[in-house]
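Here is the structure we will look at, set down as structure tokens.
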Amino acid sequence: MKKSLIALAVLAASGAAMAQSSVTLFGVVDATYAYGSGSVSNKSQLTNSGYNSSRLGFRGVEDLGGGLSASFWLEAGVNNDNGTGGVTNTNNQAATSTGGGLTFNRRSTVSLNGGFGEVRLGRDYTPQFWNLTVFDPFGTNGVGTTQTLNSSLGGPTTVRASNAIGYFLPGNLGGFYGQAQYYMGENNSGTPNKKDGNGLALRAGYANGPINAAIAFSETKFLTGNIKSWNLGGQYDLGVAKIMAHYSNDDIKNGNEGTGFLIGGLIPVGAGEVRLAYSTYKIDTVGADPRSNKIALGYVHNLSKRTALYTTFARVSNKNGAAQALNGSVTAANRNSTGYDFGIRHSF
Amino acid sequence: MKKSLIALAVLAASGAAMAQSSVTLFGVVDATYAYGSGSVSNKSQLTNSGYNSSRLGFRGVEDLGGGLSASFWLEAGVNNDNGTGGVTNTNNQAATSTGGGLTFNRRSTVSLNGGFGEVRLGRDYTPQFWNLTVFDPFGTNGVGTTQTLNSSLGGPTTVRASNAIGYFLPGNLGGFYGQAQYYMGENNSGTPNKKDGNGLALRAGYANGPINAAIAFSETKFLTGNIKSWNLGGQYDLGVAKIMAHYSNDDIKNGNEGTGFLIGGLIPVGAGEVRLAYSTYKIDTVGADPRSNKIALGYVHNLSKRTALYTTFARVSNKNGAAQALNGSVTAANRNSTGYDFGIRHSF
Amino acid sequence: MKKSLIALAVLAASGAAMAQSSVTLFGVVDATYAYGSGSVSNKSQLTNSGYNSSRLGFRGVEDLGGGLSASFWLEAGVNNDNGTGGVTNTNNQAATSTGGGLTFNRRSTVSLNGGFGEVRLGRDYTPQFWNLTVFDPFGTNGVGTTQTLNSSLGGPTTVRASNAIGYFLPGNLGGFYGQAQYYMGENNSGTPNKKDGNGLALRAGYANGPINAAIAFSETKFLTGNIKSWNLGGQYDLGVAKIMAHYSNDDIKNGNEGTGFLIGGLIPVGAGEVRLAYSTYKIDTVGADPRSNKIALGYVHNLSKRTALYTTFARVSNKNGAAQALNGSVTAANRNSTGYDFGIRHSF
């Protein structure tokens, strides 16, 4: 999720003086050779986003005076192994766009910022996603991604929501931070699915010195069963290592319930970093409680702040009928799967 | 339709000296909460383009010497509530692209400019669209959009055409302006639809001091019936207010005929502007002449030249079987519909 | 294939000093009126890329020190007659994306460069394509495009491949150059099509003073029959003219075999250039050997380095059942087809 940004020098159209405002072009191109091995079949790929999500974005801030500012952010996912764009979801109900063209699926927002905080409108991450990714040593990218995301029952709004009205607390609260988000499925009233895709979510946390911890809650209406999710996570920076953990719960009304946790850490080693994690997710369902456990170990070598080489190895074990497999391989129920990534991440 | 532009500082690749040419990155991110109420159902949305159309564009000009210049313009519609792109139309016959990815649907042209005027090739607004939007206080955006556009029988080329060869008069004709456009459906000869989507359109006007007025005419061949449209519009700036009106007529060969008009105005109020309009469109068809009338009232508050807050309220009444509804609501024939927008427009 | 590039002035986000790295925004907007005439039907179009392929791209280089650098290249095809994007192919097997939205179909790569050469990952031209386009006076664009490409049996990877790992020799080998590329279809093991879309290709050449010559070889696995292609080409610059020729062969296992060649030249004339070529392609199949021959003659007039007007006329003759037609026209077997382009190319 790290982004190295480059500000384009911007001149106001009406003159040569440097404007007080700027537009930033930014992006990540991350390519990875990914191999997955399962009991049924294996897969070999040149894919993307093994370390950071590939993207191309445009963002800017305008100072409105009096402590107010306006800003925008348009960020498109890029599948740089084949040139297609990321898929978005227009109504928070199901993937309704599969065209392959570039969309600002990662974020497309306009904000008004001031002493009161930030009001942000558009498509954005949901509050319930942050703890899963911030407190995952693998940042929910690549073969090491936490099982709390990979197996999540959280539904279409687990990561992002469209049609969202968001609010963020200001940054000067002594380490306390928080956000609220309301998102709409935009169905007509008087229909059975009138609330399908509507949701409300909250997140609150505290970051100060070596500590960072947060809790989040969400409830999303779905015709197939409303989903309540909550999670909490935290990290502590010991200097020689940063340790982190999170717990998550997703409860579908009159349906299954999923529970997961992760424990892991990041260990700086010279210009690099060792990453390791153990994560698990269990689904409470009738007859069996399928569970998958993953161990992941990786190393990132920074050639610069913008460019890194990386590799990750992971192994997932399945129990009680689970059949999770890694990197596109297929594995039978209760069998293991292993996979590895080897790639380069370049940001701009 | 207002665009605040920012020129990116551009250096020639071969040296550090400022080039005589420039590429401009520009855009609008406009998010609006939109509510519509009808006799059948209501709708609540976080949508886009309530005041100005959201977009991302790239454009540039090259001075060729001798009064000649070349220029390009690539402008993509952006649905910033969900990240998708605007839909284009490749053959002027029907919406043939629905993928959701970014396309330069708003404009994609290359031009040669000189003392003779401008020759512009590619996808662009049609001449017959301009009077409807320039002389609408709501600029054909949001819930206040004139009924002469909302109900128009003008067909797929009412707003834009692909495969167009356009010509514009030079700008130094003492206030007179004009343009011609020929667009092609690109069907093969020897087929029943060989001319489907072919069209020719003209616009001529005069703008000087407080006055601006223009007339436009178009004829487009469609397999389902050729459409002739013509319209005229004008505005007068009284200083305390700008008043405007337009009249439009769309005639389908061996089919229905539509007639509409608008009267409205813009009233500056401090850093803001009050907008109001009455518009109507009537369709002459067999047995009944459905008509819809709209009143719209809005206010725009400019936080800066680039950023504005706005709200618009509108009410449409239906007669003789018409069932026009606002902001995604549904209303029965001859029933009313109301709607409002509340949003923020940020341009860059 | 010529690209005029403009480097955007870039400031590091963290300070005002000029960064050692840069991001370049570049593109081509090429619009052409194209007419084709065949024995069955004719076609009239305002289309794109008659001289150079229309595109919009972003690229950059980061100096990593010690002779190493990282770079990225994201380049999207743009159909500027209607605003849609170019179509990519995610698995090297068939066109799997038709949405119409912008994709980085032309190139989406990240590279690590050093004294060892360049390792390039992502979607890129295949080695087997270069000789067809470099040694075609019409650069495989527009109505004059060599028949060795137009009729090619080379399959989905004739021009580009996704999921590719490429290697390029360094540039300091006294005129010798070369590249290797391995691309993956990314199918699961244990399936009949497990190797579908996998391929390996090589190219080697020598360029020095007036001479440039190269040879290329590729083998791609397809479920419908593996394809081996090889070709060679060369050019010699006499000063008053540049003459060029190439030969190509595509062999489908247990299937047809295609063989083609081109001879042509470029003649500088003041600010312009005359282009001419004769090309042919013959398919060895059961019962008949369909062959098409093309003559093409064109002229490019450069208004500047970035902007040119051009026209091309071509005529294709068909034998033994071939039915190649130009610019979207349709012609019967063994009948001729003619076509011409007249357009403007503007690059930035």
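Which chain is which? They are A, B and C, in the order written, and residues in each are numbered from 1.
Quick note on the criterion: contacts are C-beta pairs under 8 Å (C-beta built on N, C-alpha and C of every residue); 3 or more make two chains touch, one makes a residue touch a chain.
Keep in mind that this is a model prediction, so the values were computed, not measured.
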Angle (degrees, nearest 5) of the CA superposition of chain A onto chain B: 120
Same or different residue numbers at the chain A/chain C copy interface, by half rule: different
Distance from the mean Cα position of chain C to that of chain A, given in whole angstrom: 37
Junction residues of chain A - those touching two or more other chains: 8-9, 25, 85, 98-103
Residue ranges of chain A in contact with chain B within the complex: 8-13, 19, 21, 23, 25, 58, 60, 62, 64-65, 68, 70-72, 74, 76, 85, 88-91, 96-110, 112, 121-123, 162-165, 183-184, 186-191
List of chain B residues in touch with chain A within their complex: 4-9, 24-25, 27, 29-31, 33, 40-47, 56, 78-85, 98-103, 303-304, 306-307, 328-330, 343-344, 346, 348
